[in-house]
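In the two complexes that follow, chain A is the common piece, with chain B as its partner first and chain C second.
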Partner chain A sequence: MTTTRRTLLGGTAGVLALPGLLRAQESPGVTASEIRIGTTYALSGPASAYSLIPKCLTAMFKRLNEQGGINGRQVNFLVYDDAYSPPKTLEQTRRLVEQDKVAFLFNNLGTPTNSAIHRYVNQRKIPHLFLATGADKWADPKGYPWTIGWQPSYRTEAQIYAKHILEQKPNARIGLLHQNDDFGKDYVNGVKDVLGARFDAMVRTASHEATDATIDSQVVSLQAAGCDALVCGIIPRFASQAIRRVFDLGWKPLMFMSNVSVSGAVVIEPAGKEKAIGLITSDYRKDQSDPSWADDPGMKEWRDFMARYIPDGELGDNNYTYAYGVGLTLLQVLRQCGNNLSRENVLKQATSLKPLELPTLLPGVTVGTSPDNYHPIRHMQLQRWDGRGWVRFGKVIEGAQV
Partner chain B sequence: MSASKGLPADIAIPESTARVGTPAWQRAVWVVLGIAVAAAPIFVLESFHLFQLTMAVIMALAVLGLNIVTGYNGQISLGHGAFFAVGAYCTAIFMSHYDWSFWATLPISAAVCAALGFAIGFPALRLAGHYLALTTFSLAVAVPQILKHKSIEDWTGGVQGLFLVKPDAPAGLPLSADQWMYVVTVIVAGACFLLVSNLIRSRIGRALMATRDHPTAAEAMGMDIGSLKTRAFAVSAMITGIAGSLSAVAIEFVAPDSFSFGVSISLFVGMVVGGVASVLGSLFGGLFVLFVPNIAEAISKAAPGVIYGVILIAFLFLLPDGFAGLLRRVAARLRR
Partner chain C sequence: MDGLAHQIVAGIATGGIYASVALAIVMIYQATHHVNFAQGEMATLSTFIAWSMVQAGMPYWVAFFATIAVSFAIGVVVERILIRPVANAPVLTMVGVFIGLLLIIGNATGWIFGYTTKVFPSPFASEKPLFGGLVSAHELGSTAVTLTVLTLVWAFFRFTKLGLAMRAAAYNPRSARLVGIRVGWMLALGWGLAAAIGAVAGMMVAPVVFLDPTMMLGILLYAFAGALMGGIDNPAGAVLGGFTVGVLENLAGAYVVGTELKLTVALAIIIGVLLVRPSGLFGRVVFSRV
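Now for the complex of A and B:
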């Protein structure tokens, strides 16, 4: 048998084309003209206020598709309702993966809900990207490499407070008031990350239950222990109490409050605007009500987008600035993927983001990942309550390297 | 049970005419047909739909439990989600902390739920109608918070819940984990349905219904109403608890947020839509509560709750006595 030049060339071309063809067939949720992405959100039930986030994301993908999509592919974004119920999340996730055959999952809402699918998606090796929850457990590249969060975790936040304390008062005696659950314990871990071996000597902790009526005795005990800095990992109801109690005791510690508990209307006003003066918290987003961003190009981009795609949206709702940031992060990942939208490559690109500035995030806060850094946002800026509003101060601070 | 002592056997309630004269071979045909229908999905459906069907059967079993106490015995319970949760947690705790097999945890969760149901049955004796509904509802609201409580956190895993693993198919059976889970669910649920339908057709079943329809007359006939009611609660809680156990392994995760009071309401909806006081109706009820929310969501993403409500009202309007009532009417027309 003789090998002709033509068969040789044809055969070689075939062999060379094979990986490309195989790849096209092997990537679930990806065709020549479409990429399918899924998420689960509480569209009904008590947590349905967050449904503004997928609404904004859907509008962003609409804008992308109108501009020609990504690499010629239209994005088909599927949002299913889980009513914030973990069994429903698993059911809807399986529907997305097994029936709709999505390429990957993006920005699923909630800690208990994502816990229910954590193992499922990792067993199946489905990228589970940029979740809408602040728990630290999503950053586990070894145990659960397919899952990654987005916003700074509570642990990162506590690291930042601890760093600031060390800078201001290197010999501070730190009181750590926290709720006795995973949310509160993230704050303990964060402070421990920064202080290391000095933790036991410098820190006095006091915990409370979410079901407790008051936290007065914890506050008093921390004052009695001689603390001159106070870090609070507590929810809004207790935040008001803590602010008032600290003021009434005449105690003037350097006081930090979890950034879930800093709403003016819900926390500060019930405690008393004057009593909260000096309180410190942190943020990574631009506050759209802050006049200093009125002419900011990033916020202008966001406002233009809102005016065009969500004209009836409430501009004061910071779910929209959150969604805009996380949506742009995903678009960057898709752009980096190029033509290879296999699940392996999506994960690889999502975990190798070069520091990226986003229009709705504070200057200096960047989104960046690496195969062993699953904390995309690690920077925050401190802000202080001046009696009327939150005023940013100092530089953007980075969380500790753990 | 000594419930209908003093009721001479020869003047028992008239036998229902339908069952008289059903020949054995016909019954056998129905059984074979039922098994075939139950087994078909294993070969026909892909894993996601099989999972959904498994969940629907589990809900059906939970609805069946509720039907015993509310449908047959007339004690309104809006708190069966609590028994569902306790059953799920029993299985989860023994499987994840002590590495027990699923089958071993089943009798434990059944026993715990039965005991709990029995205990709840006592205050229920003094409460009737709306008051009982509210009392049981408060149970459903309380249980998720109790599960989070610090004192039992080491067992329940607190807010984070517990993870467990589905049982694998026994070696030699060429079934995937999802297929095996479906088989397990159908076997357990099938056994419960069979037992309940026998119970309902027995002396005790008639006593339960008599207590519901006319307690004074029932008592005059010598039935011990107190014992009947508490035991009905126990059996009912046990079956709903078994359904909870199955759901824990099917989902492989339990957390307090999985058992909000919405579960209790879903079960109640399933019972009413399927047919109050109907064994077969419970099956339809389970299918309804699992699949209709998805249909509602497919119609409108903006307000799935509204669509669900509309569908529910339409069902109640068109089928006032549930699927079971529809079947009864069709059967009655055919017989004529």
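Now for the complex of A and C:
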């Protein structure tokens, strides 16, 4: 047996500092006066529009700290830039975990970027909470128990569309246009969840690559196959193309668009506001531009927060309402943890949230988890483009149980 | 059978996009004997310049020709500053420079203009879609523009002294220099022309695929396939190749290999042509006597 000088010194130091350090050693990133939380975000590069989210979260922790923190502890929120590049995400995450010794990770952005650290954080047993991505793979309590998403997954979204189609047109022939990757395939899986054995008979799929110039050929194929419903799991650029092409062909299917590709300014206007009339999508948030929320107490709370902490923020940007919701969810977890901020307990509390209503989410949409339900938000409401804006209709629908 | 006809018409429309970019690739190859990987990014930058001009209130056609002029200047400047110093370097160095150029121009475009999708106007607007919505007036118009550019390029190389000098400078720089051609400037001119043609291609493509900094990324690959298929040194062949790739890709995707392997078709065409007929279907076979 060898005793190196380092272990000897370390051991001695440990004994000397025993009373104060004991708790800190039990719970990395936590002291009597501070809890350290880390995240990685695209603060630069093509996805940097999302950098508003950590900006809002930082402001929320500032508000919390001004109000005395949580159980007397100030929250120290570290945000590192990964430029939406997976290798950088891993590098920055290791920095957060190994140098900054954060208690846990919260709301890291992006599907490819989080995929790069998925194994690492699970091997190290670090809570990887409420990620800013809609991929369904984060809901895997058996394989990756330390990782959990937040927003409804693309798969849940597709389940809701399929349920609505069955309600409206029980014998529909469904065209499924999707990008040929994890994102697009979530839509295929979601429709399959609902249709089960009928999938092959009812659905015709057409995929495209993110690098394709146009998706005209796929749209033409689906029309020729006689589809009268069309579900699109595609990104904004192709969404504009699809809306325009379907309209130009004179094809009038019951058309659903992924809710990542429904921005009025980015998708609908380029395609043409009139060409999108009748298009259906879904949301779980209150749309701040919708006048029916003008006097809503929840949205008023959010507006007051914005006026006080982010006075220069663009109120029309729904990244802020997203961030406000996910931030409040974390605060609930921290409150539930009480004085036990060990990684095990943080995960335990994050995966046992009783259905929670949040000010920026639609009425009837709740955040709730359990050790075998890693889909915090499972409800959405459909909305239809009327030529000027999105109009909600029907009840809040829950995704399928799978 | 209706579906088949639709796929072919849609393929020709998409092929028109590939053809216009393929033409720009062939152009620079004609003038410099290099394939410029940054061609697509340069065209995207030009399109953004045109977009800014239109946004600033300039009439479309004024912005169109102003952009061609600006792009020509950018092409010449790039050749003078970046390509000239490595003109005699090994091929790998050139490839490195081209890829560097691709990254620099691509990221600079995103940094300056942002990554959100923008609408680019078309000069060939029509109220009603044609052929049952398969082809827009814009697609017909842009095909006409591509063919016009092709004719101009062909006439330029075939009938003008400058065109002859440029060909000479590319094929045999030493002899060209001996007969008094300023080879360096001919190359710069070639870059300028290629950038100008790229700008036209970009402005014709953008109304269809919408404008963002990554607009040309996928198109360039198909355009390469088209250019190689028609013959990398034959402008008319490249245009025909572009259309053929568009149609083949659609037919293979719809009836043969399925949409998941559509992109693979483009790569298979590149490899197939290089294996069977390296000079392309319409390219000239060049023999060098050693």
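Basically, the second predicted complex is superposed on the first by the 377 of 402 C-alpha atoms of A that agree within 3 Å, B and C clash if a C-alpha of one lies under 4 Å from a C-alpha of the other, contacts with A are read in each partner's own complex, and residues count from 1 in each chain.
The rule we apply is simple: a contact is a pair of C-beta atoms (placed from the backbone, for glycine too) under 8 Å apart; a residue touches a chain by one contact, two chains touch by 3 or more.
No experiment lies behind these values; they were computed from the predicted model shown.
For the composite obtained by superposing both complexes on chain A, the positions of chain B and chain C are in clash.
When both complexes are overlaid on chain A, the residue A:Glu98 reaches chain B alone and has no touch with chain C. Of the two partner chains, both chain B and chain C are touched by A:Thr211.
Using the contact criterion defined above for the overlaid structures, shared-chain residue A:Pro112 touches chain B, although it does not reach chain C. Once the two complexes are laid over each other on the shared chain, residue contacts for A:Arg245 go to chain C alone; chain B is not touched.
With both structures placed on the common chain, the touch criterion links A:Asp81 to chain B but leaves chain C unconnected.
Shared-chain residue A:Leu90: touches chain B; no touch with chain C. Legend: residue contacts after superposition of the two complexes on their common chain; A:Asp182 is shown touching chain B, with no touch to chain C. Once chain A of one complex is fitted onto chain A of the other, the partner contacts of A:Asn171 are absent, as it touches neither chain B nor chain C. Looking at the shared chain after the overlay, A:Arg237 reaches chain C, while chain B stays out of its contact range. Here chain B runs into chain C after the superposition, and of 127-135, 217-225 or 325-333 the stretch doing so is 127-135. Chain A residues in contact with chain B (one complex) as well as with chain C (other complex) are 180, 209-211. Put simply, chain C touches chain A in their complex at residues 2-3, 6-7, 10-11, 13-14, 17-18, 110, 115-119, 129, 132-134, 136, 205, 208-210, 212-214, 217-219, 221-222, 249-250, 253-254, 259-260, 262-263. Contacts from chain B toward chain A in the complex involve residues 46-49, 51-52, 55, 145, 148-150, 158-161, 163, 247, 251-253, 255-258, 260, 262, 293-294, 297, 301-305. Note for the complex: chain A touches chain C at residues 46-47, 49, 180, 206-214, 216-218, 220-221, 223-224, 236-237, 240-241, 245, 247-251, 265-267, 269-270.
Of all the residues in chain A, the ones that touch chain B in their complex are 43-45, 79-81, 83-87, 90-91, 94-95, 97-99, 111-113, 115-116, 119-120, 180-182, 209-211.
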